[in-house]
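Right, I'll just put the structure down here and ask away after.
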């Protein structure tokens, strides 16, 4: 690191938001699970390398989502009587409109997840285009105007935060710095969206997907259930929330669905736990914010 | 990513095949296991770097296959009374003809797996040569004209798909987008081969091989059995299929063979599960396709 | 490697210190645990790449430390009645003075951990500046003159060792070559600081943090508890010590705190184990050194 | 890969040795464990990058071997009444003569492991110098003329194989292609050394060492014991052998020694298993070879 780079590091926190407010969850709940899914299909791969479009097996990881994974997940959620939020890339909606319509028809919330799943990295081009094209596609194909946004690859810039506010996004769900919802404060001090924070432990990609591009391990049910239950049980003790970040191309695989069924059944057995959508958690936040 | 790359991404699925048809498995079976092996020997390593040919220990990973792994696997399959499909590279047949003959003589199906195990990546040279040289070797050495093909490194291009059809390949087994057989549709809309899809969880290389070239972990029996049983049990509930992708240089190792024996014994205890070759599953598909 | 590089390797040990002295721990203890934490906040990330300062989600890993992780850890230590040592970067103190004050007020020891968490690699600039700026910040913000130092990224150079001695550092805790405290010998044969050695197994980052920058796995409670208990129980048999290297952005996560609570409760159940700060272990060392 | 590289790949096995002969182990044994250790100390690290010599914490991983790991392992082997083979780099002997003398004095076999632990890769310089300097150091410091050799980084070239034969090496232990001893055949068809083959599963580095240079995971006792027992039990059924490749900087760590004690105790409980040195296994091979 040279002097200029070193001196460029601000001596203040990147996140200016005050502590997350400690309001109660809706009775009888004392903790929450934001049940959310990221539906990328092939855009999870072409966003790494456009050339992947010609690698047919790499593409097939994404296509699993439309052919098998999402239908199976919808079936599971229906059996359990659960509603969640599906953040879908515009590309996935354009390429697989029937899949997207099935999600909507089943009563789940549709969230914004970019168009081509491009990473919103500082200096990356197309950040605003990604946002606008995502809105346009959800509107055109599904008649949906999403209020929630999750960043592709879980990265964020100040510019993106501002663009989202300007486009009417009410909540985001990408930051890793809290266990309760809070309201973003933009760099200029004005209010940003509400954040429903996430954590790596509930991202199925961390434990369940290994490819020739990555040496990640695939872990069995016992491993993942232990992580997920420990995180959930501690969060319940804290009166806080967890956010799942599940991908149908991973959690829609047979052994992963089996694991998810067992986990969600466990979660449903916790009478203090509110399992719900991002929109519902956000509504609850806003009601308390207005009352404060 | 620049504009040209971004604009090169098609807005349609890479796989144009309709949903996998939902015909029944042969009575009394209600699910299937395509028991398959990939025999690469040293070509698994020289295909990454031709210079490996002079790295004698790196070569010895591959040679294990001929010296120990394949004979031990054949012995196990014989003890269990199981027949599977062995996708063998032409190189392995030329270098180890006795190993290849032993597989054939034991009654297993021989499949095509390229000649030098070169990855069929877009723009890679030798894709057609690999296919032709593989056919030529299997014919010359074994008198075999294979009807099944698995792609080295599990990658595929449209060009490869077309070449295989032209050379009479009836089924392929490399795509990750389904849990039942389906027929490929080529880019021009004409019929392609039947696909017997695979998944990373049944690839022994993901859990059992660590080298100085890769930080992958070696997982014990409990880990792998849990994955494999969960995947199998869920697939049985779905009426679908699993495909094993086992390499004698991995699953022929003592502790891995012990694990495989336990897994296959478990699978044989499932009265609803058809454990068979790719050719048999393909025959069954064709019969239903003709009847449809 | 070329001839010049090869010939540059000294034929003598890098560490000239004699064997660790084998004095007794304070009665009734027969082994020790140096309970220590590294508080880096965002400097854990900006020290890898100053550009991370604009990657808001990457920053949020660090901010978790101030918003949730450190408060929760302080609460746990208070509940258990334990005191430890917190090595804090100057950056974290400047950005989050209230967090640093809370640690101090709770009665824990404050140690030096650099300013920007820059790695003290041979030839790296700013090594001395990092040390001086760290001292200055701890003095200015907290009125603390630390006697203990842990190297960012766990690396060390001879120059750093000398600078620390000149600045009055009494003990360091970064080396991996022993299981008991020993006194460093500088390259010129003069005495260096006392070393309280560490080991990778008690670094929570090794088992609990996975990001898009690293393929590390996240392991469940059973995995980590097994490692930590085995290491502790064997060390107790040896009459030696362990050093925890825990980061609030990892161990302050819900499932990790749950694990840590269980582990510390186990450790507190060992009547022969002295759980304490680096300062206390160092005082004990000095008393025995003076008496020798 | 270009045409020239492709055409450079030989169409014959790299290993020309016939199948391993199937002679019996000495009564009452029916399988064998070659109990071996690799002692590299700091040369494990400087051989990757000579600049590591100035990275004092990186060096301290190696120094652990001399300060704690090797003494503790010798104590364990003494308690269990076991003799093994220690492959030591010349560098480790020059830097830590007392450690090397302690190994010799305890009655263990000393093997050749290069001087600077440089990888014998095709085209690497210093391959012959490494061999000669290793011999010279073992002779000068310990009065030992080793008959066994293990390659640093487990790699080998034809040139190295020939050099070793010319220098009187009787057995090597680096190849991964068998589960019983066999005699190498050099490229010109003349006899090479006897090989006592190894496997990655018994290399403690694969499961027990994680550093900032590598994302490898550290696995607990249950994981490693399961692997090691499964491999051992299957090999016992086969009448074959296993070879441990243990490093005091890994297996000499408290939790790893605890694991090794448990594993070796298990192995000693197998009445059919011969736990011994490379020299003893080689003698047995030679006796059968002469009798054949």
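As written, the chains take the letters A, B, C and D, and residue 1 is the first residue of each chain.
In this text, contacts are C-beta pairs under 8 Å (C-beta built on N, C-alpha and C of every residue); 3 or more make two chains touch, one makes a residue touch a chain.
The chain lineup, named per UniProt: A, B, C, D = Chitooligosaccharide deacetylase.
The structure presented is a predicted model; accordingly, all values stated were derived computationally and were not measured.
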| item | value |
| --- | --- |
| Shortest walk length in steps over touching chains, chain B through to chain D | 1 |
| Proportion of interface numbers common to chain A and chain B (over half same, under half different) | different |
| Farthest chain relative to chain C (centres taken as mean CA coordinates) | B |
| Chain A onto chain C, rotation angle from CA fit, given as a multiple of 5 degrees | 90 |
| Cα-centroid distance, chain A relative to chain B, in whole angstrom | 34 |
| Length of the line joining the C-alpha centres of chain A and chain D, rounded to whole Å | 48 |
| Numbers and ranges of chain B residues touching at least 2 other chains | 215, 217, 219, 222-223 |
| Chains touching one another, given as label pairs in label order | A-B, A-C, B-D, C-D |
| Chain C-touching residues of chain A, taken from the complex the two chains share | 1-3, 5-6, 8-15, 19-20, 121-122, 151, 153-158, 161, 174-179, 197, 199-201, 206-207, 214-217, 219, 222-224, 226-227, 230-231, 233-235, 238, 240, 242 |
| Chain C - residues contacting chain A, complex | 41-42, 46-47, 50-51, 53-64, 66-68, 72, 91, 94-96, 116, 118, 125-126, 209-212, 215, 217-223, 253-255, 257-259 |
